[in-house]
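Structures given as structure tokens follow.
Across the two complexes that follow, chain A remains constant while its partner is chain B and subsequently chain C.
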Partner chain A sequence: MCAAAVAAGAACSWYEPAASSTSIAPVGPALPGQPGGVFTTARPTVGAAVDDFLNRPSEPRQPIEFPHDVHVGKNVACEFCHEGVDKGPAAGLPSVRTCMICHEAIATDRPRIQQITALRDKGLDLAWQRVYGFDNEDSVRFNHAPHIRAKVECATCHGNVAEQTVAQRSVEHTMGFCVNCHNERQAPVECVICHY
Partner chain B sequence: MDRRSFIKLTAVTGTSAALASCGVPENQLIRFVPDEDIVPGVAVWKPGVCPLCAAGCGLTVRVMDADADVARNGQLGVVRIAAAKKLEGAPNHPVNRGGLCARGQAAIQVTYHPDRITQPLKRAGERGDGRYEAISWDDALADVVSRLDGLEEAGNQRALAFLSRGGASHRAVLIEQFLARFGAPPPAVYELFGDEVLRRANATSFGREQLPTIDLANAMFVLSFGADFLGTWNSPVAQAAAYGVMRQGRPGIRGGFVQVESRMSQTGASADEWVPARPGTEGVLALGLAHVIMAAALRPASAAGRAGALVDGWSDGLRSYTPEQVEKITGVAAARVVRLARQFAEMRPSVAVVAGPPLAHTNGLFTAVAVNALNALVGSIEQPGGVFFTPQVDLAAALKMSGRAAGAPAPPFRLQREGADDPHIGDAQVLLVDGANPVFTAPRVWGVDQALAKVPYIVSFGSFLDEMAVLADLILPDHSFLEAWREAVPESGATVAVASVAPPVMRPLYQTRSTPDVLLEVGRRLRRPLNLPWQTFDQMLAAAFAALPSASPDADAWTDAQAKGAWSGPVPPGLGRAASLPAPPAARPIAFEEPRFDGDAGQFPFHFLPYPSSAFLDGSLAHLPWLQEMPDPLTSAMWSSWVEINPAAAERLGIGQGDVLEIASAHGSIRAAAVLTPGIAPDMVAMPVGQGHRTFTRYASGRGANPVEALAPMTEPATGALAWAATRVRVSRVGPPDGRLVLFAGGMREHVEEHR
Partner chain C sequence: MPRWGMAADLDRCNGCGACVVACHAENNISTVGPEEAARGRAKHWLRVERYWEGDFPDVRVTFRPVLCQHCDNAPCEPVCPTYASHHTEEGLNAQVYNRCIGTRYCANACPYNARFFDFFNPSWDKPLHLQLNPDVSLRMVGVVEKCTFCVQRINGAQVQAKAEGRGVRDGEIQPACAQSCPSRALVFGDLDDPESQASRLSRSPRGSHLLEDTGSRPKVAYLARQA
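And then the complex of A and B:
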């Protein structure tokens, strides 16, 4: 039944038993302006859940081809755009507003810049996709800030982005990768450091 | 093939083909520029106020970055916002002190509900069929303004009516000011489980028109007459915390607790002793105890003062309430009456509490006054371990407005106007509705929907399409409580005056507007503007809190209250609500009258008790799926309605667990599944209120049955409050279990084990 519902593009209700009363019918028509859908599930689609289960991350497709090499080459620091990196768990992906801090004035004649300026003017943003990261089900948590404080280079985990245009997943974040580095630097390796 | 691969394969086979076409929905979404800078992954906690009941508990709200579906400039899309993610009780709030009940925990779902109304709507179909079309805020407000201007031009301002739920708040003051300045009658207030009878009794006995705050934490013996103070009544979080202290928080001391009620509530299940009395005779038992205490000279009759003097025969020692007489009326054995009386008088401090079903009879006022007199007799008024009244700030006075005479009794809910200035809804030309849903919570025989059908123009401020909102011609959806300035003025739960307040926790998700701000704007746009002295609701709140003394030396009261989520402290002179109302004129003393019931005892052999459900209260929370999923604490039922019936009665009628029953009164009938429970009198059936919504989002619509539909129009005469426990019914089995009853983990283990 559920497979059929998914195929029909409808949301699947997993838990609720069917409405029990026969005499009263719920009022039907949808109201204008409602986003619809059900309460958020962990995955947007069952397909995404299956990919996840099989540890088969999809190749991120970024909304614009962002040249990391150009920006790093001009000595723009990583944390200028990924501004959460020294403050909390997530480094964060910049909103178009961050881009416009510089590009209001710089390189305004380039087509890609005109593209994002137009987006900003429409009140829209860039739908960046994550390249790295863990899911809740991985039962592991990562916090950027203490690693920055310990002066771990960004490149240690993210590869040399100065040689990349769009960011690539150039380092596999396996548990062995983490533990090796923790051992080398005599950082704690107790389970609950990451699994909590 | 190893086990892991096998599981993976079986999980994938068969479904993967259907799913391959789903794609990556992110690519199809519109993303808006975020409104604020937030540090991803870092949580901040902000104060909030729980909106779900009148207790006014303080919240602390965890706010983090999140992708949210929102509407901006008429377009739906996704934006990264600072979103409320979790609600907890505010640790320093004087009422809930860090606690939060299950309902409060589920309040987060109000904001993110998929069926929330996201923008102003104008009726497009017939009333009640739920078809609406989008309308802009400008057009919607212009529509309301032109209707109100029309009334004003015709000199018919009294035809504007406002329907809301009760309780003191700055929002209510704003509504009263709006109506008074327009020239309309005060708002009509309807609350099914509204406690009007208890307020009136407290005004009569003690001069305080308000609910009591019970100092359970210091009590040695608690005698509760039907009050579900651990579940649904008054300020359950404050009461549950204090109850914990009474039972387990004092080394070496465990307070005693006896519950008198004819259907075991969640609270009754915690009692040391459960005393079933005949419905409507609980007051007789209270006077029986008072008789024994006075006859044994444990306390003098004069100790009860005004509260005792109101009761017929008090000064003579209540000679007509001997234990034998009490046994005859209430069914509680005489020896037990004597023992309870001695316990109550000797285990000091002791306190009696009354609320709920005992007051929902035609003689409810007598019952409450009798229990008040019993409390006064043992000296438990405004004493540690006794009954307190939370000092109340006169909100209108703090704003230098003239309001309803402080402490004056609220007028009863009426459909039709009686006096020219009485609140009403049935004679209105324009009706504004904020929160109340009498279509669901009033007996069908009152004819609320017929009365509303005659009202030409109904405006609802609701966030969900419930039975009331679906009758509206225009819906102007309010912000959720996390998106707007919220406040509450708790009537009880603390021994000092409290006012909760919190700024918006997050930006609005949709094109909704805060209802107080909408009223202020309408007031400005009228042909004859109302000249309310505030531009926005937060300006009004700032003015109100500025009149209060600051609880902190470092900040003024308004700044301090916003940071903490509440103001509390002594009420400054001139701003308190009357500490004591004058004694009522020397009417005849209050005596026991037999409770009257609707329905002949031969034809309708069972008492019918609809009671507030632990999950949904009066049904206003049935749209929250977490609460639907929450097992009832006594029956473990969820997602459904049920009828509680005594096993002896069930056997006589051939009824088994889960059988479908028909409950019929002289005014209507409903069907629900039977739950056999020994915790109910054999001549009574009980049903939780809350399910049976015709329309109330995908989670509640068409689920279960609404017991209020079958209620008779019996009222308590002094207050006009619905006597919701005064209907008799007959019970018949219509079929075997059909799956409509859902029990947690498949059933009650005790029951299964007992009947193996």
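And then the complex of A and C:
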């Protein structure tokens, strides 16, 4: 009965979507290791399993509508804001101070810029939501740096961000997607390269 | 292609248990509590076995750290119906949690009791949930987990060495247990490199392997006590 309701797209009484997808307030996902209601081994909730089965990823709601197209159009390189990308596993989401490197002087008359300037002055930060990333249940460890060194374009895995305002999940990171590229480039495809 | 192995000098091991703690911290191994531990559901990828020698009052206690021996002829591998338990090219006995369906054949086949089944989803008492290692996944309920020789550190060192255009140096990779050992009883290294410290120790005449006559060809050499 409930499964039919979910399939029809209706809300279901026992399906509680993550807090991050329902409110704009900076509520992160539950920390790993904290006990929670668990129905399946593969996904934390039955609702999440149904969403996964129907290929309905949860839409991240960003604190402000960051226009990627404008910034990429002005030739701001990806790694200027996602500065961890060539150094380690995580590319990183920029803090408001990274924004203010440029916006101290640029486009200070726009209301959105004044908004983040006010945030910075109050010592607050922007609670960006992750767009890409793996579930804990995937047991995947990904490291950006060796991919950048191997000259993989950002767009290969993240789509054409130059045409997006708020970043969208436009490429599905399935294992076949990863392994195809690893095979083409003769990169290692052993299980424990990623799964540990 | 390296072939990772370890040498454990029993003369040096004083049973302090730092390796066990380091292993738990590095690999996000959850504790199950006293009731479940009494049912044999405790998980310790590395344990320190304690033996008493002699009769009272002339007794002395000896210790032996036992971890997955990463056998060349591992009994756990052929029994896995899903190839979750498999051998890597570098000689590691690896476990892929995504593939594991929890038959537990491997844990039963292992002569060293080095494989552990997750009866529960992992949970930690606060604030321990804040010290989890992001480089290691959290195993979900229903899979078998085991020592990986800290494969996250092996991969990390290899990525770093490749970025710097060199090979991995001997001693550069240290699993958490070897790193934390105050008396340096545990030495990790490439057994195919005749110059590496681990392979030199493994060739020592004091060396032997645990339950060698099972034919599992373990890669952890134990150096017998002299004193």
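The criterion applied here is as follows: the second predicted complex is superposed on the first by the 139 of 196 C-alpha atoms of A that agree within 3 Å, B and C clash if a C-alpha of one lies under 4 Å from a C-alpha of the other, contacts with A are read in each partner's own complex, and residues count from 1 in each chain.
The definition used in the following text is that a residue touches a chain if its C-beta (ideal position, glycine included) is under 8 Å from a C-beta of that chain, and two chains touch if they have at least 3 such contacts.
All figures in this text were calculated on a predicted structure; none of them were measured in a lab.
Colleague: Touching A:115, do we find chain B (first), chain C (second), both, or neither?
Modeller: In the superposition, A:115 contacts neither chain B nor chain C.
Colleague: For A:139, is the partner it touches chain B (first), chain C (second), both, or none of the two (neither)?
Modeller: second
Colleague: Applying the document's definition of touch, where does A:165 land relative to chain B and chain C: first, second, both, or neither?
Modeller: A:165: touches no partner chain.
Colleague: Looking at the overlay, does A:180 come into contact with chain B only (first), chain C only (second), both, or neither?
Modeller: A:180: touches no partner chain.
Colleague: Quick one: classify A:149 as touching chain B (first), chain C (second), both or neither.
Modeller: A:149 sits against chain C, while chain B stays out of touch.
Colleague: Which chain, chain B or chain C, ends up touching more residues of chain A in the combined arrangement?
Modeller: B
Colleague: Regarding the shared-chain residue A:46, is it in contact with chain B (first), chain C (second), both, or neither?
Modeller: After superposing on A, A:46 lies in contact with chain B but is clear of chain C.
Colleague: Taking the superposition on A as described, I'd like to know which of chain B and chain C A:193 touches: first, second, both or neither.
Modeller: A:193 sits against chain C, while chain B stays out of touch.
Colleague: Indicate the residue numbers of chain A shared between its chain B interface and its chain C interface, in ascending order.
Modeller: 31-36, 38, 89, 143
Colleague: For chain A, which residues count as touching chain C in their complex?
Modeller: 31-36, 38, 41-42, 89, 136-141, 143, 145-146, 149, 190-193, 195-196
Colleague: Per the contact definition, I'd like the list of chain A residues that touch chain B in the complex.
Modeller: Against chain B, chain A makes touches at 3-4, 6-7, 15-17, 19-21, 24-29, 31-40, 44-48, 50, 53-54, 58, 61, 83-84, 87-92, 95-97, 120, 123-127, 129, 143.
Colleague: Report the residues of chain B in contact with chain A in the complex, numbered from low to high.
Modeller: It is residues 8, 11-12, 14-16, 18-27, 29-34, 39-42, 65, 69, 71-73, 76-80, 109, 112, 114-119, 121, 125, 128-134, 465, 470, 510-511, 625, 628-629, 639-641, 671, 692, 694-695, 698-699, 701-705, 739-740, 742 of chain B that touch chain A.
Colleague: Inside the complex, what are the residues of chain C that reach chain A?
Modeller: Residues 28, 30, 86, 88-89, 92, 94, 96-99, 121-124, 128-130, 132, 134-143, 148, 151-152, 155, 159, 162-163 of chain C touch chain A in their complex.
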